[in-house]
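Structures incoming, each one as C-alpha cells.
Next come two complexes, and both contain chain A; in the first it sits with chain B, in the second with chain C.
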Partner chain A sequence: MSAHATSTYVPKSRIAKWFESRLPLVGLVHGSFIAYPVPRNLNYFWTFGAILSAFLGIQIVTGVWLAMHYEPSAGAAFESVEHIMRDVNYGWLLRYAHANGASMFFLAVYVHIFRALYYGSYKAPREVLYLLGVIIYLLMMATAFLGYTLPWGQMSFWGATVITNILAAIPVVGDSIQSLLWGGYSVGNPTINRFFSLHYLLPWMIAGVVVLHVWALHVTGQNNPAGIPIKSSKDAVPFTPYATVKDAFATVAFMIIFAWFVFYQPNYLGHADNYVPANASVTPAHIVPEWYFLPFYAILRAVPDKLGGVILMFGAVIILAFAPWLDTSRVRSTNYRPVYKVFFWVFVVNAILLGWLGAKPPEGGYVIVGRICTVYYFAHFLLVMPLCGLFETPKALPGSILETVTGPGQTGWDGRQGGQPQDPDKGIPDWAMPDAVKRS
Partner chain B sequence: MMRYPSLIAVGLLSVVGVGQASAEEHGHNPPRQKWSFAGVFGKFDEAQLQRGFQVYKEVCSNCHSMKLVRFRNLAEEGGPGFSKEQVKALAETYQVKEENDKGEVVDRPGRAADGFPPMYPNEKAAAAAHGGKAPPDFSVLAKARTYERGFPAFVFDALPLTGYSEQGVDYIHALLNGYGDAPEGKEVPDGTYYNKYYPQGQVIAMPPPLSDGAVTYPKNDKGEPVAPETTDQYAKDVAAFMAWAAEPHMMARKALGFQVILFLILLSGLLYYVKKQIWKPLGGEVHGLQPELHKTF
Partner chain C sequence: MANTSATPAAAHDQDGSRRDFLFLATGAAVAVGGAFAAWPFVSSMRPDAATIAAGAPLDVDLAPITDGQIVNVFWRGKLIFVRKLTAKEVTDMKAIPLSELSDPAPFDARVKSGHDQWLVVYGNCTHLGCVPIGHQGNFEGWACPCHGSQFDAVGRVRRGPAPINLPVPPYTFASDTKVRIGEEGGKAAA
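Let's turn to the complex of A and B:
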C-alpha cells in the first residue's frame, strides 16, 4: 500500500537533480498531485477535498487582511468592523467573503463528512486519515466559534457567554478553563483579546493537520464509490490531468454558490442581532449559534441536566471518531448495503432536523422532538452501526473498479467501453500510469 | 429510492406544525414592500434617499444617533447623491466638540469628514432622557432588525429569483405604520404605545414619530410635493435611507457580484468542457454512482 506514496519523478536538469538529492520536495508534490493514482470511478463527492483546501486558503488570506484593520477590544471591535465595511477599500468584500467563507467551509466539510460516512471511507486502512479529519473538524469548530465572537455584537457576546458557561460545567477543571478563557470574571475585554489571538492561531494548526491528512491519504489511497481497492492500472487514472481538472471545475462551480451569498445574500447566514453592539445588560430573546452548530446546540438543550447536555454535545462530535470501530460491516460502500442505506438516510434527515430544532426556542414540542432526535443520533452510532454490519447481507461487490465503470461482465480492460468497440489507442496510455500501479 | 426525498419532506412538515403556535406571540409579520434596491439589479433611488434623509434629519435625529455615518458619505457614489458643496454646507450647520491646543473642549462647525453629532453626549444621557433605555443608533439598524420567516419561506429567501434580504427594512416601515388602538383585553402600560409589529409584546416605548404632513417635502415644477406627505411615504423613504446607511456600498457590491458570478459561470463552463475532453479517451463521463442512486441525486 505504501507504494502509493512513492514518486515517479525523475529530475531532468542539473539544478533539479542537485535540489532533489538534498530535499525531495518536487518529487513529493509530483507523487501527491501529479502521478498519484486516482480510482477512475470517483464521483463529484470526491472533489470536496479540493474545495475545502480552497476555502482554507480563502479564509486565511481574507482573515490576514481583515486583521490589519480590526481592533480586538471590547470598546472598539464593533466599530472597527463597521470601519472595515464602510471605509476600507473593498473592506465589505473582505469581511463578507470571510464571514460567508466560514459558512461555505462548513457546508463543504459536511458534504465531505457525509461522503466519508456514506462510502465507508473511515474503515480500514483509512482510520488515521479519518481521525485526522475529525481533528480538523474540531479545530474548525473552535476557530469558527472564536471568529464569530470577534465582531462583538449581541450574538458574539452572548454566544461566548453561553459556551464559556457550558465549559464551567466540566467537573474539577471547568472553573479553571472558564477563567482561562475569560481572562477575568466574565466575558469582557481580555476575552476578546485572547479569542482574537486564538482565532489567528488555530487556522495554522488546521493547515498543519491538513498536511498530515493529505499525507495519510496518499499512503492509503482514496476510497471510491464501490469501496473496493485499486487492483490494477486499469482501475486508476493519474491525478493530473484527470482529477486536477475535475477538482478545478468543481471548485469553481462551488465558488458560484459562495459568490451568490457574498454579493447578494451576505447576511442571510448570519444573525441580525449581531449588528446590535454587545451589551452585557440586555439578553437577546433567543441566543442562537451559527447554522453549522445548530444540531449540536439542539442536543445540548435536549438534556435537562447541564453537565449531561455538555457531555452529549461534545459526545456527538467525539463519537464520529469511533465510527471505524463501531461499524462492523465488511463492506465499505453503503451502495452495497441495502439495510444500512435506509438507516443512513434516516440519520441524515435526523441530523438536518436537529439543525432546524437548534434554531427554535427550547419549549413545548420542540424539546420533545429534540430529545427523540438526540437519542436517534447516538443510536445510529451505538446500535445501528454495530448491529447492521452483523446481520445485514450485503449485495455482491463488483470484481473491480473498472467493472463498475464498464458494466458487469467486463473483468478487464480490453479496449472496449461498455460493450462499444473503441480504438485501443484511446485507452489510458501506459505512460500516464505511475510505476506504483503498473507494478501492482 | 424516490421515497427518501418525500420522507425528508414529511419529516420536516410534521415538525412545522409544532412551531405554528408561537408565531402569534412575536408580533405580526410586516407586509412586504417593493424596494428599488431589492434583487440582483437593485439600485437605491437617489430622490428617495434624499427624502429619507430629510425625514431622519427633521424627525428621527431628535432622539436617534447615527454615529457611523459621516457627512461625506452623503456625497459618495451609490448613496443619496448630494453634491460635495451641499454636504459641506450641511456639515457646517452642526456644532462638533473638539479639544483645542489648550486642552479645552470647544465647539466648532462640522466638516464633511465628521460623523453625525449625536443628540446626547453619551448613552447614559440618552437613556436617562428616554425612560431608562437609549433609542437605538441608526447606523446599522436596518441590518440589526428582522422578523422570523419560518419554513419553507426561509429557504426561498436565499435563492436567486425568490431571494429576499429586506426583512429589516420592511420591519422598520411596518413599525412606523404599526401604531393603533390596542385590541380589547391588551394591557398597554403608561408611557408606552401599542404597535402590532413590535416583537416584544407589541408594546413599544417610542411614541408614534410620524404623522401625515409632518415633513414638508420639496415641491416640483407644478408646486406639488415630490412625494405624498403621508406617514406611509415618510416611513418608506426613511426605511430606504436607513438601508443605505447600514450598507453604503450595496450598489457597488451588487454590480461587482454580477461580474464575478458571470465570470465564474463562464470559467466553470470552460473547465467542464476541458474536463470532458480530457476524460473522453477513458470513455467519457465516469461516475461510480449506482443506477438507482442516480434518481436520488
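Let's turn to the complex of A and C:
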C-alpha cells in the first residue's frame, strides 16, 4: 500500500490499462499481497493475522445470515434463537459457527497478541500498527459482549446487567451512560434492541480498523523472530507464493479446531444457564463471562472496592497500549533476552492462572491468589518491562535475517538449510525492498 | 468597493477579512448545527414515553406476607424485596452498633416509622446488580452469589465488594396492609 510496493504492477491488457489509470486498485493489491517482501524467517506465529482475517469474515457472514431469522426483542429473542436451532435450514450450523467462531477469534487474537509481546512487535517503528491492534481488540470485546446478550438467556441477561452496572461506577457521567444503554430503568426490551443494532455496527468498524492495521503493517514491514530489519533482498521472499500459501495452510489447519468445536462440542465453551430464558428475579448460581473475558473478570473480583475493581479491569486492557513506551530494551525479540524470556513466560502462566481464577467462586483462597496474580499482571508492565530493559545484557543479535536461516557466517546459498528453493539472484528485486533498505 | 479595488494591497486585506469572517461564521454554524443535529440521536436513546408511563407507582398488598417471608415485586423493571422481619430480627438489627457498618445507617433509616416489621429495598446487589439470595450468609439477610457480598436483615452491606446498602425505593404506607412503591410524601417518583 505504500508507494514503494505499488510501483511495479504493469497492466497488460487494454482494459487493465484503462482501469489502472483511473483507479490503481490492482496495483495496490499486487504491491500489498503479491510482490510485498516478507522476512524469510517468519514462523507459524506470523500466520495468525490471516487466520484472524478469515474469522472476521466468518463472523460477519454467519452474523448477517443469523440476523435474517433473529428477533431482537425481550419477548421474542429467546424463542427466535430456538427457532433458528430447530426450524431454520442449517440454522444450527449458522448459530454454532457464529458462537464458536467468536471463541476461535479470541483464541487466535490471544496468540497474535502474545506473539507481538514476545517478539517485540510493538516497538519502534511499529507503535501505531500495535495501537491499532489494541483498538481492534477493544472493539472485539465490545462486540462479543453485545452479541452474548442477544439470545436473552440467563447468562445474557445477567451479563448485560453486570456490565452495565460496571459502567455506572464511572464517576459523574456513569448513571447517564447506564441510562442511555438501558433505554429504561433497567435492562429490558429497549436494551436488547439497541444492543442488536450496535452488535451489527461494530464489526464493520473492526473491518475499517483492520484496513488501517494492514496499511500500517505494509508501511513498516513485518517484524520477524530475529527482530532485526530486512537489510538486503536475500533477507526476504515475495508475499506470493510464500506467505500466501503458508497463511492459507495455517488457516485451514486452524479450521480443523474450529470444525471440531462446531460439529462435536458446540456448547462446550458456552454455559448451560444460557438455555434458560432471562429471569430478572433469579441470578444464576455462578455467573461467569465467556472464557475469553475470565482473566479480566478475575481482576475485577480481586479488588474489594467497586470503582477500584472497575478501574483495574479496564486498566488491564488499556495498559497494553503503553507497552511500546514501558519496554526500555533496545532488542526486540525475546529470543535474545535471556532474563526477560523468563519473565515473559511467568506472565503467560499468570494470565492463564487469572483466567482459571475468573471461573472460580469469589471466596477464600481464590480471592487471595487472584489478588497476587492481579498485582503481578500490572507489575509485569510497570516494573519488569522498564527495569529488565535497563539491567539485562541481551545476547548478540545475528548479522542478518538470512544468517538466522542458513547459520552464522553463511551469506550465500551454498550452505543453506531447510531446502529454500529461492535462487538469491532471482529473489526480491531491489524495487520491492522497504525504503530504509534501499537507502542503505 | 470602487476605492478599495484601486490598490491591490487593500483589496487583499478586504478579501482576507471577508474570508476570515466567512470561515468563522461557517465554522460556528457547523459546530452549533452539529450539536443540534446530534441531540435527537442522543435523546432518542433515553427512556421513551411508554417506558416512563409503565413506571407508575405500584401497590403491594402486605396482608398475605408472613413473618420472615421475602416477596419479590417489580417496579420499573427493577426487582424489589418486600420483607416482613421477625421480632428477633428487629431486635438483632436494632442492637447492631453503627461502628460495625461500612455504610452506616441506623435501623430507623431502613424502615418507615411505626412499621418496624416491614423492609422494602431494591433487590439488586449494589456491586454489579446480581440478585442476592435471601436467608443466606452470616447476617440474617442476603448473600450475593456473584461476587460474595453479604447484607443483613435490613439490607445493609456487611461484607464483600458492594459499596453501599441495598437502597430503599420511594414508598409510602397507603394503609397498614398496603404499600405504594414509587410514591413518597404524596408525590410520584421522578
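Following the convention adopted for this analysis, the second predicted complex is superposed on the first by the 403 of 440 C-alpha atoms of A that agree within 3 Å, B and C clash if a C-alpha of one lies under 4 Å from a C-alpha of the other, contacts with A are read in each partner's own complex, and residues count from 1 in each chain.
Definition applied: a contact is a pair of C-beta atoms (placed from the backbone, for glycine too) under 8 Å apart; a residue touches a chain by one contact, two chains touch by 3 or more.
Everything quoted here is computed from the prediction, not taken from an experiment.
By the touch criterion stated above, A:Asp273 is placed in contact with chain B alone, chain C being left untouched.
Of the two partner chains placed around the shared chain by superposition, chain C is the only one that A:Val162 touches, whereas chain B remains out of contact.
Once the two complexes are overlaid on the shared chain, A:Asp305 sits against chain C while remaining clear of chain B. Of the two partners, chain B and chain C, it is B that touches more residues of chain A. Residue contacts after overlaying the shared chain place A:Arg40 against chain B, while chain C stays out of touching range. In the superposition on chain A, A:Ala285 contacts both chain B and chain C.
By the touch criterion defined above, A:Ile256 lies against chain B but remains apart from chain C after alignment on the C-alpha atoms of chain A. Comparing which residues of chain A touch chain B with which touch chain C, the overlap comprises 285, 361, 363.
Within the complex formed with chain B, the residues of chain A that make contact are 39-44, 79, 82, 85-86, 92-93, 96, 224-226, 237, 241-242, 245-246, 248-249, 252-253, 255-256, 259-268, 272-273, 275-276, 285, 335, 345-346, 349, 352-353, 356-357, 360-361, 363-366, 369, 401, 404-406, 417-418, 422, 426-429.
Of all residues in chain B, those touching chain A in their complex are 4, 7-8, 11-12, 15, 18-19, 21-22, 40, 68, 73, 136, 139-141, 143-146, 151, 157-158, 160, 163, 165, 167-168, 199-200, 246, 248-249, 252-254, 256-258, 260-261, 264-265, 267-268, 271-272, 274-275, 278-283, 286-290, 293. The part of chain A that touches chain C in the complex is made up of residues 158, 161-162, 164-166, 179-188, 190, 194, 280-287, 301, 303-307, 309, 361-363, 367. Those residues of chain C that touch chain A in the shared complex are 42, 45-48, 51, 55, 72, 74, 76-79, 123-124, 126-131, 144-148, 160-163.
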